[in-house]
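Here come two complexes built around subunit A, the first alongside subunit B, the second alongside subunit C.
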Partner chain A sequence: MSFKIASSPHHHNRRSTASLMQLVAIACIPGIAVQAVFFGYGVLVQLVLAIATAWLAEAMILSLRHKAIRPRLMDHSALVTAVLLAVAIPPFAPWWLIVIGTAFAIIMVKQLYGGLGHNLFNPAMAAYVMLLISFPVQMTQWLPPLPLQSVTISPLDAICTIFTQFSCGGFSLSQMQLSVDGITLATPLDTLRTDLAQGLTLTESWQSPVYLSFAGSGWLWVNLAYLAGGLFLLQQKVITWRIPVAVLASLFVLTMLSWLASPDAFASPLFHLFSGGTMLAAFFIATDPVSASTTDRGRLWYGALIGLLIYLIRSFGGYPDAVAFAVLLANMCVPLIDYYTRPRTYGHKAKGATK
Partner chain B sequence: MPSLFQQIQAGALWDFHGGVHPPTRKAVTSEKPIISMSLPERLYIPLRQHIGVAGQLLVEVGERVLKGQALTAADNSMTVPVHAPTSGMIIAITDHTSPHPSALPESVIVIEPDGLEEWREREPLNFATADTQTLLERIQDSGIAGMGGAGFPTHIKAGLHQPVDYLIINAVECEPYITADDALMQEAPTTIVKGIDILCKLLNPKAVLIGIEADKPIAAAGMRAACSQREHYYVREVPVKYPSGGEKQLIQLLTNKEVPAGRRPADIGIVMQNIGTAFAIAQAVLDDHPLISRIVTVTGETLQRPQNVQALIGTPVAALLDFCGYQVELEQKVIMGGPMMGFTLPDLAVPVVKTTNCILAPSHTELPNAGPELDCIRCSACADACPATLLPQQLLWYSKAKDHDKLKEYNLADCIECGACAYVCPSEIPLVQYYRIAKAEIREQQREALKAEQAKARFEARNARLEAEKQARLAKNQQLAAARQQSQQQNAGSNTVAAALERIKAKQQNATETAQRSHADIVAEREVKKQQARAYQAQQAAATHTDAESGAQSQSASQNLDATATDPRQAAVAAAIARAKARQQQHTTEPAQTAQSRASAPAVTDSQATQNHADKAPSQDDPRKAAVAAALARAKARKQQQGAEAEQNHAIENNAATAASREATADKAPSHDDPRKAAVAAALARAKARKQQQGAEAEQNSALDNNGEAAASSEAAADKAPSHDDPRKAAVAAALARAKARKQQQGAEAEQNSALDNNGEAAASSEAAADEAPSQDDPRKAAVAAALARAKARKQQAAADTRSASEHDENAQAELAKTKGDSA
Partner chain C sequence: MSLFKELTLQGLWKNNPGLVQLLGLCPLLAVTNTVINALGLGLATLLVLLGSNIVVSSIRSHVPNEIRIPIFVMIIATFVTAVQLLMNAFTFGLYQSLGIFIPLIVTNCAIIGRAEAFASKNAVLPSALDALMMGLGFLLVLLVLGALREILGQGSLFAGADLLLGSWASGLHLQLFQSDSHFLLAILPPGAFIGMGLLIALKNSIDQHYASKKVVNKGDIARARVTGSPQ
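Let's look at the complex of A and B:
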């Protein structure tokens, strides 16, 4: 009779990394659904492409590194990376964009750094930034939200467009980008930035139909859906409140201050919170455990830093949305933040943070 | 703002960082009564069941012991004894799988119960009248050690001299499954409170805080009722959270204080005792019932009757499980302790000990085996759970990297191995296991570092010493040269009278005989010594550091290292007294009989030499060679004795020689390879010696001899000991002795009239003997020098043989005495 020898504890709360990642992916579903409704089914196609690429790339690298493939594929971390990238890029971007992006995320950003847990940067965001720099045109071709679209796009159209850049009806992507009144529409954030750059005041810019897509239909709802998903993650204790709250609070406070100071030159805090990828960033991207700070106080600093960077880049930078840059820059500061925010160990005098 | 004490009185509770909420699964056993288990067939009682050292064994195999009889003795403060849990026979004392994570075999006493349950005599104490010391002794003698898990001897914590503010009684029992304390509180709250009363008498705290986890309402109510008469006892229900029963965590929960890192709770005025310990104290003091049984929660889904069992210490786990209807599963885990901190047992023969609170035999579905270990995703769930506010993910990282400095920086040492981190880790990383390994590595490294440091210090000290000795030798040589010139001038006059005296005495005694014998003796001794010197050299070569030292030095060094050396000052004082006495005796005996002193001279030499042997014995590399040499020596001595017996007229010398050889034999015995042979030889030698003595006594001419000899040799013995402490002094003294001996030799040679005989040689050999010790730096040189000395001595003897005068005896004797005095 042999008895099993194991080291304590013999108990486990049975919450695995895989199930955590799964929950993250599940929490994305409302956001993805809203995105599909307002911006077409392209996002679903992108998702499929991204996930397939991610799994392939992961399996390939793992086999090259002579690691067991199954358990690591099953940890679903590649899945989450794929999902995050797929929802971040324009829904009708050409197929090779997402394939290159996902492969880059998995191979270069994650596996070459040593695999899960060893990557310094958030793979999805690093890939996003790489794509944005390499393919700026494709990365900014957002279609207007559904109510403003001049051409109705069927799911089949979505597939055709992604693979051929033409819908089944023969419209090109730039044609599809035209809104009902014939203007090419970018995202509200993009529009705002361009308008402000052209010297328009906020009130003038506000006349543009693009903002209908903000409050009226598109981005607000997408953000609300991600907020809901984020709250679900909080409730499931997959993430803690510190990072999202810090991101949102610092963004809110900064935009509020500048808006109060100059309402004509700066958008309102609400606009900032609910446009672009703010909620996605706060709840899904900044909370990626691997690349985020791991101490309690560090997470507050880390979140606040992301909020600050989003604000700065959106207000003064040259890119339409700032989330990816903000997250990457904050990632770089994580080792420093972690080091200086070590908690005081029981029975020890406080040190570290106050040095 | 109310003071801390007021807050505590008002019922304030605090919180500690982290913690987890594993399913407690306590209801299975908590509401059932405690069942006493029937006597098992055998009891296996480990000698050591506490933190500290095992007590001295008091019993033997085949002895019948009574229930409650002590099996070991508490011979020092870190020891608590173990007792016979029932009456029966001791059928073995052997090694047995230990109830420890390592499962290393450990000494146990195996008792076969006779079923009579016959108690030893018991003397209950009245704790109200008993004094503190009696109570503490009773607690120690009853074998009580912390029953919560660590097994720290209770009398130490109960006998603190520091003032104690709070006595915390730990009845939290936060580990899942375990309900032993719960059951005890439900069943015997009044006895527990009496135990607490005793602790209060010993520690005199401001307040007693009894911490009970909130999921034990019946127990808490029972304790409240039992404490109702005592106004400074507070029962506190702490929230259900693991590990609130950890010592540091409970202190934080109840008093909002933290035990500073590396200190003990007593340093902040807190003493914590487990509730089971309090109960055991009450039993020990009030009933004289030592710690021979305890409540064990036997639970898990593979048992038909999970329950709390009153089990005798030493009961094998298998018996306990069978008693509860155990149904084995394949690849089963059986855990001693709880699921969070317990350890799996390699087999079920392991006995229940004083710290065993739970035996858990879970099914596979209940506590599944750990899944595959994945990569850390830095989710820091572990950090959120850690009650010590550590960063387990960083510790993991540095443990894997074996970065001990970083581990220290991140306070690995403060990890209490509670397992909360591993419990929550989504990647199922066995974090605690990593920390245990890292801790063990760090301990190992520290030990190595310490050793290296000591070795370095020794090496440096040795270099310094060698340098100093070299200088001293140089200086000495110059001095000697000067002294030799002087003495040659002086000796011419003083020796004529002495020489005349010697001649008269020599007529009474056969000096030749003596000289030969003692000479032979010395040669034999020398043979042994040479062997030793060689062995020593080999040893030195082997041990690259420390030991190119003399026997004495190395001994004193090793004594120092072992820290077992007795106070050298005391030894020196004792030696001085001994010397003084010896000198007195010598003074009285010397004028009386010259022959006697002559006899005693070789005796002294021999005994000195022997002493050297005895000293060196433990450090001999090759005892076999030494034994051979010793045997040769004995053989020679015996031959001489036979010769002496035939002559029957030199009883004195015989005595001396025999005594010397007897001593030699006796002294060398321990270093023999085959002590039995040695013993036989020694017995023979003794028998012969006795015969000779009788003969000598019949002759009635040397009663005093033995005295003088005894005194001299005892002096030599006493002398030697302190001189080890300061080898340098000994070396100086020996050098002086050498110088003097040489002087005498020269004198003798110049006069050409006398034997100088034994004495000259005795001095020479004593010189050599003394010499040998300090000069063992280079044993070969010493051997050469000794050979020269011997050659000279022999020449002189030859001369003396014819003349047989021995007036130098006295001189030599005096010199020897001085040598000894000096060497102190």
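Let's look at the complex of A and C:
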């Protein structure tokens, strides 16, 4: 009998990057489906455009770098980046927006840093921020959710609108943005921000039809669907519980405190948890294995920092939603967090322990 | 003649202040949002560099080594003030659009760098030549970056040429394509950083391309010597 000496890890899991990324993409499906139902089929067109651009950009830059193209395209990491960006932007945004964004994510944020595993920032979120500061108008044109839409939008209209900015029936995007009442509706977070800035109290702002359920019509269901997808990822052990729980807990505690202190000036914790991109951020974006913290304690700090930044920017900052900024700022802190939360190596004493 | 060639090559390519020495990045990144702004600042820097190099070189034997830096700075500041007043008088629109970056030429390290590294050790003629070539190299980088950012950001070239060149130049304005929304990233500072990085990468890859050609030739000779004659 041979006595083999091998170094750790001794227990192997047959999972590859490709299968992990595939599971992440699959877990997005319920969220995408709900988004397509409530906010129009534009998101599906955006997905196709994003994935095609991501693959093209990845193949192009890999051939420039003299790397094997096929194995790296097949690891599906570009696919996940494309999916995350496509669901984050408004579904009826013009086609060049998602093309520019995805190309930027893959070329600038991922490949110029050295490809998968080397990028400092989450590519999808860096591209989202780039688009938001470059094209603020196109990046905030969300349609009202299905129950409030004044114009019925067919799947074909999605294609027409994305490529020509007019639906096949000849409605412009700003006409489609009108609700049944003839008012242009922004997202619930945006409406809340504008109203609070105008000196209205929360109860007064609450009269707007955009908040049909407690987190805003449509948005609640989108967030619940992403929560379900995230729980699936947890169950499959693709992600660990630490980052999502830390994000949601810190956001919940902070919003709860400010809501209890001043219920007229701050939205309720449930509104914050189930509106905007909170669930998508907590389960799909913050858990990116490359740009997130890698130690167990570090992941708690990293998640809590994202929750804190989302709360701060949403409540006091200049933008209605804050997921992308929060994730990027937390990405910057990751090297520091990892440095201070290094786990004790077996056989060594913990830092600062008495000798 | 070889001195002329060497200084030209150093200033424009090998030791380019913008791409290789990475000096004067603050104005380089801040004002290159249009070609004309870049041209205005590039010319102003070139004039100051030329003046300061000539003066520093001609008084180099009288300047005590211990206090040379304050003296260089005062000489540079004199020329910057002169250029600033000239621009205020003759190109007022451009003067306003460049704003604080004209007085800030004083702190441009490319200028004090040339005074310290070259003009204080060389005769007047080579110093003037060095200033001219370094200034031209800086101006070229500014122009390329300005053109890149103006085309990407606004789809135009030479917008506001009349600010620098007089009213006849407003005909130079070229609108390459029309779009409802400007690509703000290219106009904002992050676009300058990204564009600058890409320019440096391009220069390095051109250098590498030529270097690799040379190395291949040397390698052939070396291998022939090591392995001896083929069987």
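To be clear about the criterion, the second predicted complex is superposed on the first by the 334 of 355 C-alpha atoms of A that agree within 3 Å, B and C clash if a C-alpha of one lies under 4 Å from a C-alpha of the other, contacts with A are read in each partner's own complex, and residues count from 1 in each chain.
Criterion: a residue touches a chain if its C-beta (ideal position, glycine included) is under 8 Å from a C-beta of that chain, and two chains touch if they have at least 3 such contacts.
The model shown is predicted, which means the values in this text are computed figures rather than measured ones.
K.L.:
May I ask you to decide whether A:L189 touches subunit B, subunit C, both, or neither, giving the answer as first, second, both or neither?
P.N.:
neither
K.L.:
In the superposed arrangement, which partner chain does A:V327 touch: subunit B (first), subunit C (second), both, or neither?
P.N.:
Touch partners of A:V327: none, neither subunit B nor subunit C.
K.L.:
Would you sort A:M130 into first (subunit B), second (subunit C), both or neither based on which partner it touches?
P.N.:
second
K.L.:
Quick one: classify A:Q138 as touching subunit B (first), subunit C (second), both or neither.
P.N.:
second
K.L.:
Quick one: is A:H348 in contact with subunit B, with subunit C, with both, or with neither? Answer first, second, both or neither.
P.N.:
After superposition on chain A, A:H348 lies in contact with subunit B alone.
K.L.:
Where does A:M108 make contact in the superposed view: on subunit B (first), on subunit C (second), on both, or on neither?
P.N.:
Only subunit C; A:M108 stays clear of subunit B.
K.L.:
Going by the contact rule set out at the top, does A:A57 touch subunit B (first), subunit C (second), both, or neither?
P.N.:
In the superposition, A:A57 contacts neither subunit B nor subunit C.
K.L.:
Just to be sure I read the superposition right, which of the two partners does A:A282 touch: subunit B = first, subunit C = second, or both, or neither?
P.N.:
In the superposition, A:A282 touches no partner, neither subunit B nor subunit C.
K.L.:
Among the partners subunit B and subunit C, which is in contact with a greater number of residues of subunit A?
P.N.:
When the residues of subunit A touched by each partner are counted, B comes out ahead.
K.L.:
I'd like to check the shared interface: which positions of subunit A are touched by both subunit B and subunit C across the two complexes?
P.N.:
Comparing the two interfaces on subunit A, one with subunit B and one with subunit C, no residues are shared.
K.L.:
Quick one: which bits of subunit A touch subunit C in the complex? Just the residue numbers, please.
P.N.:
Checking each residue of subunit A against subunit C gives 100, 108, 130, 133-138.
K.L.:
Over in the complex, which subunit C residues touch subunit A? Could you list them?
P.N.:
Touching subunit A from subunit C are residues 181, 183-186, 188, 190, 194.
K.L.:
Residue numbers of subunit B touching subunit A in their complex, please.
P.N.:
So the residues of subunit B in touch with subunit A come to 16-17, 20, 22, 176, 248, 252, 258-263, 328, 331-335, 337, 339-348, 360, 362, 367-372, 374-380, 383-384, 387-391, 393-394, 410-411, 414, 417, 419-420, 422-428, 430, 432-433, 436.
K.L.:
Help me check something: in the complex, which residues belonging to subunit A touch subunit B?
P.N.:
Within the complex, subunit A contacts subunit B at residues 1-17, 19-20, 71-72, 75, 77, 115-118, 240, 289-290, 292, 294-296, 338, 342-348.
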